[in-house]
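After this come two complexes, each holding chain A, first together with chain B and then together with chain C.
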Partner chain A sequence: MQSNRLGWILLAPTLAILFFFGVLPFIYVVYVSFHQWNPFAADPTMIFNGADNFRKIVFDAEFLNSVGVTVLFVLFAVISELVVGYILAQAFMKEFPGKAIFRTIHTLPLIMAPIIVGSVWKLMMTPSIGIIPHYLNEWFGITVNIGTSPVAAFATIIIMDIWHWTPLVTLTLIAALVSLPPDPFEQAQIDGANKRQIFFHITVPMIAPAVVATVFIRLMDALRTVDEVWMLTGGGPGSATRFVGVHIFKEVFPKTNYGYGSTISVIVLYLTIVACWLLYVTMLAPRSKKD
Partner chain B sequence: MSNHDNTPLSSAHHEEEDTPAVSSPKAGFLPIETNWFDRLFISVVIWVALSLLWFRFIEPMGLSIWISNAIALALAVLIISKG
Partner chain C sequence: MKKNNPIIAIVFWSLVSFLTLFPIYWLFVISVKPAVQLFSTPDVILSDPYWGNYAKVWGDRLLRSYMVNSLVISTGNALLCTILGFFACYALSRFKMAGKESLFFWTITNRMAPPAVFLLPLFLLMTQVYAVGDFRLLDTRIGMILVYCTFNLPFAIWTLRPTLDGIPKELDEAAYVDGASSWKVITEIVFPLCRPGLAVTLILTWVFAWNEYLLAATLTNFNARTLTTGLSEYVTTTGTEWGIMATISVFTLIPALIVFGLVQKHIVAGLTFGAVKG
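Up next is the complex of A and B:
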């Protein structure tokens, strides 16, 4: 009993912080999502409108389009980051000249604020002054303009995200690979397993928890991407890169529509939780034993 | 150093081992092992999805959202008790 109380006392600060900065704001957002509220209007009163915001959201073509664009972005970005991150992690497991310097340089994008990343990529992608459109045109004769081409804008954001976040995936996968015991690999080699069999039957199952945790983190981050996209394309051209985060931003700040913005936030949170849960169920959850 | 096992944290650890689990996983009709909180979570997820689909496709035909809520509640009872 004594130790139980000690446990709760030790946990109390964390629980208090979590409650005040996590649970309470969440409850407040859910509360606001059932209201029509513009705090900067002549009448800033919150008006309860039941589930009308949720009725509106399922017919909101802009929101549905933003969900589709975001899902595409998440699929391309997270899968690419996982593949590139794994290849780099395997490379860093081997010794080669300049490994320490390369690893440091490779990790540098992680310490940059997303808004800076967006600004730098905007400079690099601006047709008149940017280095990337200049060399693409000079070397390959390709004209790229993210201000007019939806495909170019979308692809640039994916490449930017891969550049920014692959080091995180590499670091977590290195940690997972380093902690693997050598015995199963040696036994498999003695038994005559080839590299492909070792990868799919030993490496992947053993690093699956780390992979899933990494995908969780990247999935949650990618679903709420705002600043990089806002700086690079502002959600355009048209609505080609109007991700849900950007959509919420446009709904809440320029339009000051806090009620509907909260509704979108709640739905995005719901989609994020469901995506993570499905991933957990598919990859890690213990199967039910039926007799 | 000799009475290392008498530190509060180590005794807490031993006590935790002796304490029966609050909720144990069980095998119902769901394809994964779940405890009651997992099943409650699944029920809430289904309730929200059903409500949104109802708003989009069924309510414009004149059927109230309360029917969806009743179906979701019945599903929740089934999932929590037999899932």
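Up next is the complex of A and C:
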């Protein structure tokens, strides 16, 4: 066997890149977050101001609003995707002609760039160009304008996210459903269990690990959603769809208040870690202990 | 077992497929319409396609340079990540290094972090710290290639690890006994066996880099702008050139569609870090 030195040499470039572009920015942003720093202001020097930025963030209505909007979006989007994805996965469990083609079509949105998804839905939803507002108005007399109505904009983003990411949920759940052993289901049917009982007492517990993994992945991705929202609504109207990522992109950069911007970045990162950790602990840990 | 009626399934899935495909089809419809026709009653069926937008986008020197940037950055990044990922995975799978499993897990945390959080520090580091003389990493292709490693390198490591673990160590050992050098073992014995896994990794990292917008939008100004940032430049407060925007979207979409055809089976495994086989 070769010495470990070769191993470290092979790993070194990877570790170096991840250090300079992943770890160092993190350390740097934490450092800057304790300072008051605006390079374009009258006084461009970095001044240490302790926890002032963190004190400010607690009372920053715009930032708190963006956190609230993000949480709402993640809840709506992930739960809808789970429900729709499960229904579609069950529909895929039967054999029918053309199944492979339908499955291929269903996978298509996954590979699309988020910004392209945003522009696709912008072209669908913008009044006077989009086909949806046109026919909603012509057939039902409903006026939908994502440029002025916060509810319409928010709903469109949820629908867009469902369109984009449900396929991932469907395919992960298919993988889980296919691997289920048939015996418990047959046994339950012989014992006279009804469909609802089978679903809640057999299917749900057995696919739970796959569901948790899917929710985990979707949650992480939904928390980082920026591109498509930026393209579709730019965070508006008002601040109805200004998620935390959009908030950083739209508010922090133009204002060049880098000290406070860093504080927001640190808090967002912290909240993401906490959200993922909570999910992991509450849903995954007890299960793995049992195994 | 219950008997299923295939007609119902086919009708149901046709409807779902329609919902999936229609928005993409609509993008194409907008891209082949002249600007004056956009605001009339929307026609769903194409009658007389107008290719002016395509000629305009293709003829635009700025957009062409964006396209070249996108190509160079994605290709460079995909190659870099696949090669470095391969070396890293070889090290992780063959050597008994202290703490290697923690390192392996640590790499993934780089991909979990929301990129928006790293915009500001990367921007500051790339303008002020990562600079040699007049050279700054900001707004350079090499800078973007390195920045994209933060999400693609962990991805490459996670997808290549099972491939390398699957190649029996006895093969290496036999070659060492025959007197081969480490370099020879890695490049001539292990590398060829990993080719399928490497190809999938290369293609998926390429498409992730090609699709990226947020980092490119903040960390480039002019020289290294990519096609996705070009797209957003056509959406302004004073008015949007819808046809051009749709056409650039189609241009950005085409490579992804080709990729989709090539590695369709691996996409789900890729997006879930191999937790789910596609």
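Note that the second predicted complex is superposed on the first by the 245 of 291 C-alpha atoms of A that agree within 3 Å, B and C clash if a C-alpha of one lies under 4 Å from a C-alpha of the other, contacts with A are read in each partner's own complex, and residues count from 1 in each chain.
What we mean here is this: a contact is a pair of C-beta atoms (placed from the backbone, for glycine too) under 8 Å apart; a residue touches a chain by one contact, two chains touch by 3 or more.
The shown structure was predicted, so the numbers you read here are calculated from the model rather than taken from an experiment.
Engineer: Based on the superposed arrangement, let me know which partner A:59 touches: chain B (first), chain C (second), both, or neither?
Structural biologist: It touches chain B, and chain C stays clear.
Engineer: Given the touch rule stated above, what does A:106 touch, chain B (first), chain C (second), both, or neither?
Structural biologist: second
Engineer: Looking at A:51 after the superposition, I want to know if it touches chain B, chain C, both of them or none. Which is it: first, second, both, neither?
Structural biologist: After superposing on A, A:51 lies in contact with chain B but is clear of chain C.
Engineer: Please name the chain, chain B or chain C, that touches the greater number of residues in chain A.
Structural biologist: It is C that touches the greater number of chain A residues.
Engineer: With the two complexes superposed on chain A, say which partner A:114 touches: chain B (first), chain C (second), both, or neither.
Structural biologist: After superposing on A, A:114 lies in contact with chain C but is clear of chain B.
Engineer: Considering only touches as defined above, state whether A:128 meets chain B (first), chain C (second), both or neither.
Structural biologist: A:128 sits against chain C, while chain B stays out of touch.
Engineer: Mind working out whether A:274 is in touch with chain B, chain C, both or neither, as first, second, both or neither?
Structural biologist: In the superposed model, A:274 contacts chain B only, not chain C.
Engineer: For A:199 in the superposed arrangement: first (chain B), second (chain C), both or neither?
Structural biologist: Touch partners of A:199: none, neither chain B nor chain C.
Engineer: Find the residues of chain A that appear in the contact set with chain B and again in the contact set with chain C.
Structural biologist: On chain A, the residues that contact chain B in one structure and chain C in the other are 2, 4, 6-7.
Engineer: Which chain B residues qualify as touching chain A in the complex?
Structural biologist: 8-9, 11-12, 15, 25, 27-28, 30-34, 41, 45, 48-49, 51-52, 55-56, 59, 65
Engineer: Can you check the complex and tell me which residues of chain C touch chain A?
Structural biologist: It comes out as residues 4, 6, 9-10, 12-14, 16-17, 19-21, 23-24, 26-27, 30, 38-39, 41-42, 44, 84-85, 87-88, 90-92, 94-97, 103, 107, 110, 112-125, 129-130, 146-147, 149-150, 153-154, 157, 173, 176, 182, 207, 210-214, 217-218, 228, 231-232, 235, 242, 245-246, 249, 252-253, 256-257, 259-260, 264, 267-268, 271-273, 275-278.
Engineer: For a test of understanding, state which residues of chain A touch chain B in their complex under the given definition.
Structural biologist: These residues of chain A touch chain B: 2-4, 6-7, 51, 54-55, 57-59, 267, 270, 273-274, 277, 281, 285-290.
Engineer: So in the complex, which bits of chain A are touching chain C?
Structural biologist: 1-2, 4, 6-8, 10-11, 13-15, 17-18, 20-22, 24-26, 28-29, 32, 88, 91, 94-99, 102, 104-116, 119-124, 126, 128-131, 134, 163, 167-168, 171-172, 175-176, 210, 213-214, 217, 220, 223-224, 226-227, 230-231, 244-246, 248-249, 252-253, 258, 261-262, 265-266, 268-269, 272, 276
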